[in-house]
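One structure below.
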Amino acid sequence: MAAARRGDRLETLKAEAASAGTPIETCVCDVTDVNQVESMAAATRAAFGRIQILVFVTGTNTTERALPRLKPAIWDDMIATNLNGAYYCAQAVLPEMREAKFGHMIFVSSTSALAADGSGAAYQSSKRALNGLSHAIRLEEKENGIRTTVVCPGMVDSELLDRRPVQPTPEQRAMALLPEHVAEAILSCAMMPPRAVIPELHILGSAF
Amino acid sequence: MAAARRGDRLETLKAEAASAGTPIETCVCDVTDVNQVESMAAATRAAFGRIQILVFVTGTNTTERALPRLKPAIWDDMIATNLNGAYYCAQAVLPEMREAKFGHMIFVSSTSALAADGSGAAYQSSKRALNGLSHAIRLEEKENGIRTTVVCPGMVDSELLDRRPVQPTPEQRAMALLPEHVAEAILSCAMMPPRAVIPELHILGSAF
Amino acid sequence: MAAARRGDRLETLKAEAASAGTPIETCVCDVTDVNQVESMAAATRAAFGRIQILVFVTGTNTTERALPRLKPAIWDDMIATNLNGAYYCAQAVLPEMREAKFGHMIFVSSTSALAADGSGAAYQSSKRALNGLSHAIRLEEKENGIRTTVVCPGMVDSELLDRRPVQPTPEQRAMALLPEHVAEAILSCAMMPPRAVIPELHILGSAF
Amino acid sequence: MAAARRGDRLETLKAEAASAGTPIETCVCDVTDVNQVESMAAATRAAFGRIQILVFVTGTNTTERALPRLKPAIWDDMIATNLNGAYYCAQAVLPEMREAKFGHMIFVSSTSALAADGSGAAYQSSKRALNGLSHAIRLEEKENGIRTTVVCPGMVDSELLDRRPVQPTPEQRAMALLPEHVAEAILSCAMMPPRAVIPELHILGSAF
């Protein structure tokens, strides 16, 4: 089940997946809305049964990230999407994972969670919190067979870069991570046998 | 200027301070409300002129911290108080600090920001974010003469302990930090000459 | 090329590898001796050509790890093996990696590098230093196409456990990582395309 | 008791301290030599009785810090001075601190212990290890009333800067920490009442 806010993107993804021979289901969902998150979880269960893996890759940034431009309303939106949404998703799947004594939550955070940088106060605060959420869930739920992983990528050549007030140069973009590198890392973590867990993994473009 | 939600506590504090020969002003303020934060800043300016030091010691935890009991509404409240409130306070004083090319923000976080522990997912996520906020502001505003410090205390013998689902033993309480130890550390940081800054300081009861 | 101090173990490994259809070369080497390290590198080059990947898994601990028992001579040995040996290996392969504009060094450290624990002062100091070494090399040599990874495993069910003053219970051992989990993680890092690097990865038994 | 390698510097310091009305004793000591460290401890005991506070500020760097210039012999020296020396000093005073159920060790490390930087592989490895040593001792000896603190300063305007391959500009030097800022921080930590400990403190020139 792939979920996102934008239905048109999901339709494209679904068509691509189908023509690649790996059909998927999709679900429109804004993670800042608890009810939509609950509905997404219900739709997933209806389609596939128990949810075993949650991959939270939602994350946004704002062109207004510099402190003189950041305003409380923008801050609130950033925290709601990047942080609260992650908790809503986790709490929606925790009961069934606990019951099954099996589950894996993978949160995609950022190297901005590891050291102060120019990504803006709201972004890096939310990403540090996301790391904390992942580790807190693991500590509390490991006795229930639940594993968590937080993946911290550096700059990825994605449309999120378009929101940077100062655009990376084409040379920098050409050295940035590709989304498939992050996907590869997520897959490696998800493929670990149940006895092992990768609680944290950092990944960068090798020139950075 | 001392600000807090509970007016009666502030009255007591004001009386104590006056009788100790160090009179203070007080202001009722709920930091989760941007307007109240702006009013507090305005009242401080009216009473004392430019704000030079902000000490953010607001922080709460919930008895419902364990994941099976934590609910989205409680999560939202925790994040609003411990994290969003800190940003609201910072943004309320940043313009005058920038203009004066001088200012110091001191955020009281927690050792829960440093490593996963039993303080609950909402608490430790908010505290990690608070560390991120402090460092992000410093990185961005140091060129404007603004310093930030994040103080991370371990267990403090305060009424916050009453909200722990498992109460610390009297022996543990007797070894916990006292609020005055944290105050002492804050003072040391605030007294550093402008050329130096203590960006981060950890403090524990020495038995922990 | 597999290198280690104990020739008999290497012979066994070589025979196992051969019968598994993946023949290897071996080399007896004590990493605390620069000359032996240089010879190992030379033997590897003679057998296989340019060295492209270095995996440093050497690491020891002492039964005398508690501070009242640890003595300067034991400390010196631990630092020589766990830390200095890693540097000697790295410097032995750096010139050819620089020249080839390609190379990957993977250092196996420990979760003891991440937070204070009961592994002893010498062990955890050496492991923190090893993380520093890995990141320092990456920062300095990334412009030469050299990548580094530091893998930090928790308790592994290996003979190193026999040196613990307090033995883990059979139940704990049964939940510890297996060496193949760490090998799997190393392989994932080594298989990343050259454009991406995993600078740091933590891996634990999922019950810990 | 002030100890250092260079006797002439110690004489000057002793004279300055005497004329400032705070007479001190001095002792020539190379911390890389266990015997000299033991003698220094014995001389201190003879002059002042039980040692209660150890402040380890020894630390060196090399002009040959870049990896193409760093050689095993230089590496070994750096580790011996910055890391092994710290352990030798600690083990020399641990028994009497344990017996007295009271003691405080303060290690001056560096921000290079916190994130990879241009200080060279040997320097930052040794400083990360020093942080590990401080925390390991604290964890193990806190039950004996022993506290440890690791102070991590950024660039200090001291003669150590002369060893940088790339000299900081006069403007950068003018914004660097002064040795007295670090001394002030050490003093704050040492003055904490025995019930509290500052395990780690970072300090920077506020422009950095």
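A few notes on this one:
By letter and in written order, the chains are A, B, C and D; residue numbering begins at 1 in each of them.
FYI, a contact is a pair of C-beta atoms (placed from the backbone, for glycine too) under 8 Å apart; a residue touches a chain by one contact, two chains touch by 3 or more.
Keep in mind that what you see is a predicted model, and the values were worked out from it rather than measured.
In this structure chain A contacts its sequence twin chain B using mostly the same residue numbers, the overlap exceeding half. Farthest from chain D in terms of Cα centroid separation is A. Rotation angle, chain A onto chain D, C-alpha superposition: 180 degrees, expressed as a multiple of 5.
Inter-chain centre distance (chain A to chain D, centres taken as mean C-alpha positions): 42 Å. Chain centres here are Cα averages; for chain C and chain D they lie 29 Å apart.
Centroids built from CA atoms put chain C at 31 Å from chain A. Residue positions of chain C touching 2 or more other chains, listed in rising order: 115. Against chain C, the residues of chain D that register as touching in their complex are 34, 66-68, 70-72, 75-76, 79, 83-84, 87-88, 91, 94, 98, 113, 115-118, 120-122, 124-133, 135-141. Contacts from chain C toward chain A in the complex involve residues 142-143, 145, 147, 175, 177-178, 181, 184-185, 188, 192-208.
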